[in-house]
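The structure under discussion is supplied below as structure tokens; questions concerning it will follow.
Read from first to last, the chains carry the letters A, B, C and D; within each, the first residue is number 1.
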Amino acid sequence: MSELTLERGLAAFRAEIDAPIAAFFSSCVHCGICAQSCPFYLETGDPKYTPILKLEPLRLVWEGEFTLWGRIKRTLGLQQKVTDEMLAEWEELLYDSCSMCGRCSLVCPVGNDLAYMIRKSREGMVQAGHAPEGLIAASVRAIQTGSPMGLQWKTLAVQIKHVEDSTSLTVPVDKTGVDYLVLLSSMEIINFPEYLEAITKIFDHAGVTWTLSTQCFEATNAGIQIGNKDIAAQLVERVVAAAEKLKVPNVISPECGHAYTAIRWEGPNLIGRPYPFRVFHIIEVLDTLRASGRLQTEGMESDRLSLHDPCNLARKSGVIQQQRNLMALVADNFVDLKEHGKFQWCCGAGGGVSSNERAEPLKLAAFKRKKAQIEEVAPERMVTMCATCRTQLEEGMEEFNMNIPVVGLTEMIADHLVEKEARS
Amino acid sequence: MIDRKTPNKTLGESLRDHGLSRRGFLKFCAATASMMALPPGMVPVIAAALEQARRPSVIWLSFQECTGCTESLTRSHAPALEDLILNLISLDYHHTLQAAAGDAAEDARLQAMEANTGQYLVIVDGSIPGPDSNPGFSTVAGRSNYEILMETVEHAAAVIAVGTCAAFGGLPQASPNPTGAMSVMDLVKDKPVINVSGCPPIPMVITGVLAHYLTFGRLPELDAYHRPLAFYGQSIHDRCYRRPFYDKGKFAETFDDEGAKLGWCLYRLGCKGPSTYNACATMRWNGGVSWPIESGHPCLGCSEPSFWDAGSFYQPLSVPLTATSGDLLTAAVGGAVVGAGVATLANKQIKTAVANRQPVTVEELEEKL
Amino acid sequence: MSGLDPISVIIESNVSCAGMPQDCGNALPILHEIRHALERLISTGEETRIDLNAMPFGPGDLDCLKALLGTGEVHATVEAMGLTLIQETAIPGVWLVDYQNSDARRLTLQIEIASVPEILRPQPLDLAEAINTLDGRLTQSASNRHHSS
Amino acid sequence: MSGSMAFLLWIKGPMFNIALAIFAIGLFARFAEIFLLGRKPNYAEPRAGEWLPGFKTMFTRSIADPGTFQRASFNVVVGWVWHLGFLIALLLFVPHVELMKGLFGIVWPALPNPVVDLITAITLIALVATLVHRLTHPVKQRISTFDDYLVWTVVFLVVLTGYLAYHRLVNPYPIALGMHILMAEIFLIILPFTKLTHIFTAFIARWYNGAAFGRKGVAS
């Protein structure tokens, strides 16, 4: 039986190195500004959480094998080697203290895309057997059960029943030839069942044809979080197969950040071919409906609302204006956090941190950056569009006794839809 | 036979024999101090020293040279003073100046050496084909320069190398140095050597050095190149009247632009003043009339070693000697090839890594739980 | 007729190198030196000589310095090994002493800050012989008279 | 012939050629190492092109975003000051302009010497400040390597020897000038093998960064 070894890890590091990585490592001047953009460093004050330092194993492989000087140093025996012990030490740095929020990639003065390199480093970590247990377990469950939380269709079927009962609408399942295949995340199904009800209402209201797939309902991708192509590709293939089977032209990723980047940006590259369909985040779809006048809303939220941009959606996918357009539709008293959009701060739970029980204290520490941002504008409620962010915001604010409820944007839109009868 | 022994009279006495009054002597000392580039406050010291000094025998040897140095000295502008100084020495041998010729001339040299052994001064102008060169490159009376130099220097008190050829090898030594020319300093190791460099040296500097030796009976303070600090202690640049323009960043860029007409700094036209140590800026040439920079031409750096090989006279000091953009390009192409090699090796490794890649399986992951 | 005459000469600029590129640039520091020397002369009687040959003067600097110092009342000449011209400047105690050789070429030019320039004063050794010289002349004169009577 | 002039001539002659050769070989080797690695094809549907955002980021990343400026103002300000100072002294000092003219045949206007002098003095102070920061700031302390201190020393000495030579504070002058050129040569020699490569590769890195973000519709 094969096992995960250092050699496989090093080979994986090697295989991940490309021109951008060579340019990035060639350019780092050790200015330390990346630390000033990292919530894990800023809130712990521990310099070992400096983003560039987290990339040291990958850098050593690059230097030793991909540069003239490194080769000379290796010949002279001066080149430091990546060892199993080193990777064991770096496991905490690459997983527990990095939510892959990509803020460092945006502020690095020499232009290093650090998040890109963290993602690649994790490939080596998995192959070397140095991934956190929580993420391994989630990956295994995702492959074996179709959901990282081990959730099965029958649980979802119960939810569907609830939604149909309370809305008197039908939730379409396994319908071919519709416009959209809707994916969900297990966390949403369990923690925020309102989401399914909301889209059912909105799509009915806007006259959108859509369906769920019994073959694949899960949008999240534990393989992306742990950083392994093989697992990630299998999970993407399931989505692609379901979409192809139902012949849908569009797939909607739910209110989940990493699910969107996984399927929108990484997916085609994981399976090595372009999709026969397009991928949207639910917020993009809603904004398109709004723009074409298919969303008729009434009434406004009058309390002071602010918005948390999920990293994966805003900084890493360019969905920034859409949620603000939708907020303007239903909120009177909206105030943006000071640093928002592409410069927003991570909630602290992304990049697999929330699936990694060991990282709990760090996750809470990193949240303090978000907490300070929220306190600065003092909203009465927070709005967001990612189940992981939402859970983290709720838990974090509860921990600090902040008493600020968090709502999903999709639900909020659904709440303001003009009743069908009234419309006609 | 002429007595070539150093006379017993002191300089003070022989000056008074020339009919010089005490005011005249004071004036002589003031002029001497000025010539030696010593402050006027030194005049009493000079006067006291001159009273005691004695008239030395001087042997002037000319080797691979152009007689420019002798011309400079003899055509100097204030002949009375230089004359006086030269009258105070006993110039016993000098090709160009002496009346004697042939064997008589060579005899004069040998006699002076014998009569003043250990006390005579040797002045050399011109460089010398080294001991390993063909001795025939330059000979006097059928004997190589090297041989004559070593023989003459053996019992000398000191050697004064006049001109850049004698001091540093000069033009004969310029690349490719066909005669294997060497400087006096290269060859004479056991005697004090004073270098009075310049092509030619300022005449006042030649006499100034002689005056110093006459006055104090010892060598003046020297710099690392054995040049008298009094004259070579400061660079042309530091004493240049155009220095304020350098400091303000006002430069002539061609020989006929407005800057050149306004007398701005000549750095960009190749002036070597910053790295050249000489007294031109204060003593000037032609009796103080002018000097190269005042006449609008950059300093060539003629009093420095290797000045013929130090790059174009008209290239600024900051320009490298031989490197060109072509060399840079060649090296860049070479680098690209080396890099391509490294990259090819690396790419091969990547390909191998990708080809041999073992996909991570759930079973492998479960092992870790 | 000279063969060079047909070659026309165009004067492009009247600004010569000797123009006024700087405002007496290198003359000014010397004035400060003279000022310090004057202070010393007044307070302690110490005399100072400045050798202008050793100055990095640009074109015009010397004339500028002379003009600034002006011309005083005393003008003297010493005849010894050629002429020495002494000119008092408009600043009392500041003298220009021009040492020339027998061809009337300048050997060196000095500024002397003193009550009387050194070269004008009788030299101490000469002074020591003064009475003897005078006595000699008296004796001579007496014997002349004796002979004539 | 030994001595200061021989030293200067060797530095300006053979040593300059050696330094230039190592610099060019090393740098272009690095370029080849980077570009020949290439990038894997990207099958994801782009939101926007790569080229324009890439080029934009090459320049815009020189300016820190307001938040970063606030959190790392010392880093940003001092970094700017000494980088600008170094570049001005390198490119706009008359002797350096002449050097470029001699080497490449291209000329551009220079700044008056006193201006460059002042800028150089400021640069030196800023460089000392960066060293103090590196030695005292916990992050910089933690991530600094031998390489960082070597590069700092060489950069500082290049500027310092230039300053000393300009002010003629070392005698004889050929030694002063020779030391300055030698330091510049050492700078060139180590450039391709240390973080100094960022002088060139930072723009490549920024392009990749801008292209990656730009493709996803984010102005980086």
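Here is the rule we use: a residue touches a chain if its C-beta (ideal position, glycine included) is under 8 Å from a C-beta of that chain, and two chains touch if they have at least 3 such contacts.
Everything quoted here is computed from the prediction, not taken from an experiment.
In this structure, the chain pairs A-D and B-C differ in their number of contacting C-beta pairs, and the larger number is found at A-D.
Averaged C-alpha coordinates give centres for subunit A and subunit D that are 38 Å from one another. Per-chain Cα centroids separate subunit C from subunit D by 58 Å. Centre-to-centre separation of subunit B and subunit C, using mean CA positions: 33 Å. Taking each chain's centre as the average of its CA atoms, subunit A and subunit B sit 76 Å apart. Residue numbers of subunit A whose C-beta contacts span two or more other chains: 17, 66-68. Along subunit D, residues 26, 29-30, 33, 35-37, 192 each make contact with two or more other chains. The set of subunit B residues that touch two or more partner chains comprises 338-339, 342-343, 346, 350.
Interfaces, counted as pairs of touching chains, are A-B, A-D, B-C, B-D. For subunit B in complex with subunit D, the residues that touch the partner chain are 168-169, 173, 183, 186, 223-225, 235, 237-238, 246-251, 267-268, 274-275, 277, 304-306, 309-311, 315-325, 327-340, 342-344, 346-347, 350.
Partner subunit A is touched in their complex by these residues of subunit B: 338-339, 342-343, 346, 349-350, 353-354, 356-369. Interface residues of subunit A facing subunit B in the complex, by the touch rule stated above, are 1-4, 8, 11-12, 14-15, 17, 65-68, 71, 126-127, 129, 131, 133, 136-137, 139-140, 143-144, 228-231.
The touching residues of subunit A, when paired with subunit D in their complex, are 17-24, 26-33, 35-37, 41-42, 45, 47-48, 50, 52-53, 66-69, 105-113, 116, 264-269, 272-275, 278-279, 315-320, 339, 342-343. Residues 12-13, 15, 17-19, 21-22, 25-26, 48-51, 53-59, 61, 78, 80-82, 84, 99, 101-103, 105-108, 110, 118-119, 123, 125-126 of subunit C are the ones that touch subunit B when the two sit in their complex.
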